[in-house]
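One chain, chain A, appears in both complexes that follow, with chain B as partner in the first and chain C in the second.
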Partner chain A sequence: MKLDTSGLNSMVPLYGAEEDSEESILSVPSSFQLPRTTDFDGFQKKAVQMVKPAKGTTTLAFIFKEGVIVSADSRASMGGYISSQSVKKIIEINPYMLGTMAGGAADCQFWHRNLGIKCRLHELANKRRISVTGASKLLANILYSYRGMGLSIGTMIAGWDETGPGLYYVDAEGGRLKGKRFSVGSGSPYAYGVLDSGYRYDMTIEEAAELARRAIYHATFRDGASGGVASVYYVGPDGWKKLSGDDVGDLHYLYYPVTASPVDQEMSEIPVS
Partner chain B sequence: MSIFEYNGSAVVAMVGKNCFAIASDRRLGVNLQTIATDFQRIFKIHDKLYIGLSGLATDVQTLHQRLVFRHKLYHLREERDMKPETFASLVSAMLYEKRFGPYFCMPVIAGLGDNDVPFICTMDAIGAKELAKDFVVSGTASESLYGACESMFKPDMEPEELFETISQALLASVDRDCLSGWGGYVVLVTPTEVQERTLKGRMD
Partner chain C sequence: MARYDRAITVFSPDGHLFQVEYALEAVRRGNAAVGVRGTDTVVLGVEKKSAPKLQDSRSVRKIVSLDDHIALACAGLKADARILINKARIECQSHKLTVEDPVTVEYITRYIAGLQQKYTQSGGVRPFGLSTLIIGFDPYNEKPALYQTDPSGTFSAWKANATGRNSNSTREFLEKNYKETSGQETVKLAIRALLEVVESGGKTIEIAVMTKEGLRQLEEAEIDALVAEIEAEKAAAEAAKKAPSKDAS
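And then the complex of A and B:
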């Protein structure tokens, strides 16, 4: 199996005739090194199990009249333990394209940054911005070539190009889907429930942002692996803009304020006549 | 995830000056999905004895019903309430009876004994008693709870301060656990009164 390592060809060595060992700090190795073992498949299986990719998260994105809304929670969990409540799951690929993170954090961060580099190179080579279709295809092809190696990525590429708003779902199994509404992660069923029932194509930006915020909030309430902060981004003709980042703990008491309940038993002074 | 982590739970008990507090979270889940946010894990055996049960929810409910039954029978025969030490031995024996098909519960027992001296203890699922003088913890958030209690606990706290401490320890610990939280429930028992309070926590 020949891996497509074009994803790593992003840097030209600084000094022209640098041809010596790959450990030179000024050049990028031309391929990922694979371990030399007798039982490669067994080693691969153990390596995949070690990383244990579990898509404990909730991310969503949808297209509406004014553009694209992208929203995500911010919790990172390892089994039952919450390792962080403040993870950035919406990755800024370039000023007019966003990617969401679900699955392995390292995988998503690396490959999204790599995609950003390739998009910029495309811009420089072709004197025009890359389309969302093209960018998602670049990513999908690279991920397909690493299929079965244990990458865990469930991402949505959202952006605005010449044809208008674009939204694609790309995963590490090599799937790439074009669509208008997606939600990815362990909390996605709960988010879909709210998103699908409240969605209309012609919403204002504020209405769409509130829908996304509610959908993420409901997912964090029901799903144990989602929580933290619900961030909402908007992608329009001028690029993306972060609209809000609300702590879901506060959102709960905003949507469902605590009402004073009648007291069951109360001691009071009885006036003595 | 193991059977103890199927429903998710967090229980903690702390000793103060002539008083004790026992607290739990309120979540009932099925793996990662949250089903209910008002599940009761702390049960009264008698006015000065409470038991908190963490672990599998069905065993929590069954064990609670069996223990209440046994205590009522004891009360009829002996015409008095059980001492906390005796009750702990009863729970330990009942759990060990099921040694080869155990209840998946880790109880936390807290009570006021003779002369209103506070008593707390915890057990594993097959009845190994562990007495403590300061605090005991149990549940999926137990490691976080150990850390939080260890740093926040002081001996001989007055009831108000004890309530504050146990609440903060519980909420801080469950905020680091995916499987417990969604509110808190605290019972504070002194020789003269019992206060039950619900805590407002993060609902994620």
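And then the complex of A and C:
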């Protein structure tokens, strides 16, 4: 499939073109040298694994009665090295849509920003906001055209549009899923455990935020690649609002306060006779 | 002025694009078409030239649908219309694929007008020789819409409009007689406007009615019945005009 470079083009139309001409400015070469190896598929897999950063993070989002809750940790890791504890993993696409970051930070930031541009252009051209469905589809189509080229993005697009709350999962393999509950990243199994067992559709906003906070906390507790600050955002009919950002260390002592535990056997001085 | 109407992309000294104006002339020779918007209905009516005996009239449909909720009628070069309609139909589906939503009437009108404009600013092509009337309902809201485009690529929304043969007198009639109507009344207003310039009868008029349920092409018999109603109403109005003067005296 031809690369979708519409996000990178300037807005100048080509002269005299009524159909898209066969040769575009950025044409993909039609052949390339194959590597000299007997196991080409295995080689390709290894090459992809080499450039593909592991999605060391925990992000989650779910729809409930009042809207959508979006929550994420803030740790960036390079292998075993924690490169930052204060990464913003919830990206504000526009005042009523949020995207989460999992995978390559640069990839997520750039393409979310690009999506924000496209959403704004859609608004200006059509005099109405783009739907969450439409925005997620725009992103998924772009990512699909870059499939196999090493983009690493596992994102959730959450927002509120004419049809109510919307939540989609979009990844760099070109997958796009509509759903009510998602968690993405290396800490997602732990987050799912807490999220799935505590979820009810008719929660209040505070209850839902607390559920999200707990789920992120538990994921950061067990997953080494997640940590830092658990941020919680709420998306309602008037747009998104950041509800809280708590250090997960503080959350630990909040949920599991240290109590002086009685010692079973006290150490006493043995009188030396 | 002969030197300024060769290449389409050349302005004349007094700011005219002659090819575009000649295209508008082609529209003026085309069959009459009328569109009327009501509160819950929007209607297109087109003049049908009498068909040659051997022609299968079912293959000559003048009002076409671009999607389930959008229909189009045009005046001018019918062969050009076919190209525009095909491109618009593809765009309707392409829009559904990329944003999972049907097009709004304004969007597809803007697309068609954009195509018509492109052909006034490219080398080696001539403008499309047709004006279109586009009707439909936007998804998610129940409001009907009527738009018109022309060979220069401009478009605007209308409460009622006419194009093609004698469009000026039809438009005058509409301006005098337009009021917010609904349902059957909107259809009758469209037929009355068309009857100003076309001989009456189901054989010479094609009517399509769009409600939020979808498009419906009226049968000949239905049109004949409506025309008969309108004639009766006209006769009653004439009689009523004469009667008061009789009573007064």
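By our rule, the second predicted complex is superposed on the first by the 218 of 273 C-alpha atoms of A that agree within 3 Å, B and C clash if a C-alpha of one lies under 4 Å from a C-alpha of the other, contacts with A are read in each partner's own complex, and residues count from 1 in each chain.
Here is the rule we use: contacts are C-beta pairs under 8 Å (C-beta built on N, C-alpha and C of every residue); 3 or more make two chains touch, one makes a residue touch a chain.
The shown structure was predicted, so the numbers you read here are calculated from the model rather than taken from an experiment.
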item	value
Side-by-side fit of chain B and chain C on chain A, or clash	fit
Chain B versus chain C as contact partner of A:G245, first or second or both or neither	neither
Touching partner for A:T133 - first (chain B), second (chain C), both, neither	second
Which of chain B and chain C A:I82 touches, first, second, both or neither	first
Chain B versus chain C as contact partner of A:D223, first or second or both or neither	first
First (chain B), second (chain C), both or neither touched by A:G236	neither
Which superposed partner A:N141 touches (first chain B, second chain C, both, neither)	second
In the superposition, chain B vs chain C on chain A residues touched	B
Which superposed partner A:G174 touches (first chain B, second chain C, both, neither)	neither
First (chain B), second (chain C), both or neither touched by A:G198	neither
Shortest CA-CA distance between chain B and chain C [superposed frame, angstrom]	39
List of chain A residues in touch with chain C within their complex	16-18, 122, 125-127, 130-131, 133-134, 137-138, 141, 162-163
Chain C to chain A touching residues, read off their complex	98-101, 104, 106-107, 110, 118-119, 122-125, 140
Chain A residues within the chain B interface of the complex	56, 73, 75, 77, 79-82, 85, 186, 220-228, 248-249, 252-253, 258
Contact footprint of chain A on chain B as seen in their complex	1, 5, 8, 29, 31-34, 140, 175-179, 200-204
